[in-house]
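The next part holds the structures, each set out as structure tokens.
Two complexes are shown next, each including subunit A; its partner changes from subunit B in the first to subunit C in the second.
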Partner chain A sequence: MTEILGRRPALSFLICVGLFLLTLVLPLNDYVLHILTLSLIFAIFASGWNLTLGILGLKTLGHHAFFAIGAYLSAIAAFYGGVSPWLTIWVGAVLAALAGLLIGLPILRIRSMPHVAIVTLAFAEIVRLIFSNLKDITRGELGFWGIPPFDPVSFGETTIRFGLGNAWGSFILVGLFFFAVQGGLLLLLRSRPGLTFAAIRDSEAAAESLGINFGAWKLAAFALSAGIVGLSGAIYAHYVMILTPTSVAGPEMLITLLAIIIVGGAGRFFGPLYGALLLTGSLELLREFGDYRMLLYGALVIGFVFVAPQGIAGLKFDRLRRRRGHGTNESSSSA
Partner chain B sequence: MLRLEGIDVHYGATQVLWSVDMRVAEGEIVAIMGPNGSGKSTVLKAAMGLKAPSGGRVLLDGREMQDASATERPRHGMAIVLERRRLFPRMSVHENIVLGAYARPARETKGSLEWVLGLLPDLREHLDATAGKLSGGQQQMVAIARGLMARPRVLLMDEPFLGLSPAMVKTVSAIMRTINGEGVAILFNEQDAKLSFALSHRGYLLESGRVILSGSGQEMLDHPEVKRVYLGVREEAAR
Partner chain C sequence: MTAPLFLEMAINGLISGSIYALVGSGIALVYGTTRVLNFAHGELLMIAGYLVLFFAVTLGWNVLLASVVTLALVGSIGAAIQRITIAPLLAREDWAFRVIAATIGLSIFLQSGAQIVWGEQFRTLPYFFDGVVSLGGLRMPVQRLSILVIALLLMGLCALVLYRTSLGRIVRATAQDAEAALAVGIPAGLVHTSVFAISAVLAGAGAILLSPILTVNPWMGVSFLLKGFAVVILGGLGSFGGAVAAGFLLGLIEAASVMVLPTEWRDVVAFTFLIAVIWVRPNGLFAGREA
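Moving on, here comes the complex of A and B:
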């Protein structure tokens, strides 16, 4: 599991928490906090997707559909039902997980990975079209605005508010969600399920011979992955407070998140965080280049794929492995 | 202990096993010998439930195993070491071995690991190494260790000597005898007649998906057909 988690995952996790706490005392302006908040939301999204795409090795390309399902269903429940977003985000996450189970049942029977990719891509497009056509509820591409932010939280005299325009509170809240998800995933991957996922990725035949019901494990992982992505979508909805079907389930979202996972390091636990911070940040920094922004962004992604095909987290792992001389008898091929 | 009765196996429309009968008694090492494509691996896969037979039945201690899927059979006391080891190459040796105990209660893992490392002490120094980086022989030991972690009463081994050096073949043979000495019955397949039948208590000769000969290891080695076809001994020379 070293390849997935790195050498000292718990220590790395605590360092990340420390850096987050340090960020809270730095004099950062609202714009920087907004970028960091978006980065962390996308890092949650990418961590969920990474579970199937990287760690389990399932080449699915439709996870932005679960992001949209979580975002829209939480927003609809809060907007029309008057239910607190503190509750509706879990509704969004659970329904996204159920959608994951439903779509997972047929696609996990498909052996050909290109076909899995196409079917999941088509599923995402269907979801986008559904939210686009439910104009009476979602207002389609005109945008579903007026989504309530998370209810404020009071500690004695202090009240923390959330949503766009309340950058500090939103950053803290999203940070807490991020570390809760990452902490949960870290515990999961360090225990027997983590080993089981990695075994299935390496060889389904060998896993089956050991008594591992890989179909059931893949389905459970797919549903969990969809649920995490749905949760990130719900958090996003109550943060930005406006949704359009294309912004959450369109191809741009797919490409952005795929780039985050690849650049960060597919199948590496900390990859999504590195990728999200780098790419969300660089997209904003490149704004001053106007029309050339996306061109430069594309060049950056391609450059990273060439320089670090295993992603940023992979680069770090390879360096560690070389330094420690990991592995034995590399020279001998047979006894 | 393990009985295969009238096993037929098809791959699509092609039949590859024809009414195969075999048995492995408690404490036995049994070899399946035959040329390439004779169906040796398919027999083991059918026994383990990795390939569903189209006819016949598999019995373990008299109990029919048809309803037990491949993922359930380790719980019944069966384990398999697959051809070409099939390790999880990016995991450590320790992780590979521990995964072998998947079908057993978690509380037994530590005790099983100590038992396995007692049988294969050379693995201790490689526990943190990446499995895919080991030599072929070391990988075979890891695969055997992984199989043993299920605490099987019968261990199936698919071509355990494939790709190993002569020295390593001797080592693995000795390990198989040691495992057998611990009360684990072994059913393995191999193309080398001398190696197969010298190591086993009993053996089967499989050709084109049919059992054409069976007997004790020595009987098999002494059989004129085995001598002529598989050991390259001319009848006159044998006399």
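Moving on, here comes the complex of A and C:
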């Protein structure tokens, strides 16, 4: 477990919360807050995907489908149904989780990585095409605009507004979602399910011989992961307030998130956060070199796979492990 | 449905199916021999498209010469990709996923590289063959029919080499057990590289055949990669013959779907078919001998 969570996960988590609170009092301009908000949304996405890709070791490549499902279905419910986004995001998340079950059932029976990778990728393509083709509802590639932002919240005199253009409120909101998801995942991974996931990743056969019903566990983890990604998509929809099928479910989304996970550290709890902050930030810095952005992402993925396959989070862990001497702390902190 | 309409649908299905078969059989050959999924396979198509465009249009070479040079270059590029990015990863732990991640990175890298070098212009080659064949009230340009014929010839040649020559036996032996093959003196590493080169040539041939009827652009490989993967899964992972058969089947299914539904739903039907098959027959439609 130390390998996944790091040495003191609860402490690291509290430090992250502290840093977040610190950012709130800093005089940051709206543009920086916007980038941090996007980073946190992608960090939620990446944490959800990391659950199957890194922690459970299921090589799924179609999680942008769940992002799109969460985003579009929540947006459709809010736009056409007039329901508050505070409620519709949960609809988006639950439907994404159901879609995860639907696609998880056939592929998780097969212990074949290529099947899982290709079928999930094909599923993402189906989802992208459906949202693109249902032009009457989604306006296709023209873009689904006019998605309502989260309703404002009032505390006595002060009203906090959300959505693009209300950088401060959006940042707080997305931060709260991020820490809720991370906190929940941390609790989950530190309890019995976390150990079960690690056991399944390390050896399916051994885990099964210990009486783990691993089909059900894998399916549950897959649905949970799809639900988290769907939630991040729904939050994204009500933040940017415009969606196109290519922007949420196209190949660029796949490579962006894959880069975030690989650069941050696949299978490391804090990897997605590091990756999302670093890559979303650098992406904005490189905005004027728009054409070279995907070139850089491709090169980054290749480079990290070769040089630092454990990502940034892994580098830190390796150094810690080397400094303190390996075997001793492994047993003491892996509870 | 009238007979000529049905015939047209069947021939169109077989034509696009032959491209899927070319791409898919290359992927199957590589997977069957090396257990590697190459996500940059589609970009070999794209590179071949640009190369043949350069030789045949920019330099004005004869089409046959341009095609042969293109295939030779694409084969070498395929071999280079295997040597430089894939072979070094195979020795490491968790290599299967690292190869997927690295080749996805390579795929995006090549796409945006092509976009920077050649721009976003969409270009086509002039037809290689003139003339139209009349077939029972149905008129078909020779150019389109030639795709089917040439693809069949190429895949037949490949099957002949795989199953009837000693080179093919070496490849199949390596596929069964690379270490055992090494023990009896087969240079397994070299076999792996040449299999990549062969699969790149198959993809390149697909691109050359397509370039007069489709546009050459940086993203032309993406949809064919997905179709190629679908074909490989449908045909039974790693089976050369299965991939060829599944390629034609997928082409026919798409052609039939276009008769009933608007064109933009074609790929939805194709991939839904894939997922439906995985529900019922996880090992593919034609689980047969491995390449």
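FYI, the second predicted complex is superposed on the first by the 307 of 335 C-alpha atoms of A that agree within 3 Å, B and C clash if a C-alpha of one lies under 4 Å from a C-alpha of the other, contacts with A are read in each partner's own complex, and residues count from 1 in each chain.
Going forward, contacts are C-beta pairs under 8 Å (C-beta built on N, C-alpha and C of every residue); 3 or more make two chains touch, one makes a residue touch a chain.
No experiment lies behind these values; they were computed from the predicted model shown.
K.L.:
Looking at A:123, would you say it contacts subunit B, subunit C, both, or neither? Reply first, second, both or neither.
P.N.:
A:123 sits against subunit C, while subunit B stays out of touch.
K.L.:
For A:209, decide between first (touching subunit B), second (touching subunit C), both and neither.
P.N.:
first
K.L.:
Is A:15 contacted by the first partner subunit B, the second partner subunit C, both or neither?
P.N.:
Touch status of A:15: no partner.
K.L.:
Have a look and say if subunit B or subunit C is in touch with more residues of subunit A.
P.N.:
Touched residues of subunit A are more numerous for C.
K.L.:
Would you sort A:196 into first (subunit B), second (subunit C), both or neither based on which partner it touches?
P.N.:
first
K.L.:
Which partner chains sit in contact with A:187 here, subunit B, subunit C, both or neither? Use first/second/both/neither.
P.N.:
Neither: A:187 stays clear of subunit B and subunit C.
K.L.:
Name, in rising order, each residue of subunit C that touches subunit A in their complex.
P.N.:
31, 37, 85, 88-89, 92, 94, 96-98, 100-102, 104-113, 115-116, 222, 226, 229-230, 232-233, 237, 262, 264-265, 267-268, 271-272, 274-275, 278-279, 282
K.L.:
Name, in rising order, each residue of subunit B that touches subunit A in their complex.
P.N.:
48, 50, 69-75, 79-80, 82, 86-92, 95, 98-100, 102-103, 106, 126, 129-130, 133-138, 140, 146, 150, 163-165, 167-168, 171
K.L.:
In their complex, what parts of subunit A are in touch with subunit B?
P.N.:
Residues of subunit A touching subunit B: 1-3, 192, 195-196, 198-199, 202-203, 205-206, 208-213, 326-330, 332-335.
K.L.:
Within their complex, state which residues of subunit A touch subunit C.
P.N.:
59, 61, 103, 105-107, 109-110, 112-115, 117-119, 121-123, 125-126, 129-130, 132-133, 251, 254-255, 258-259, 262, 291-295, 297-302, 305-306, 309
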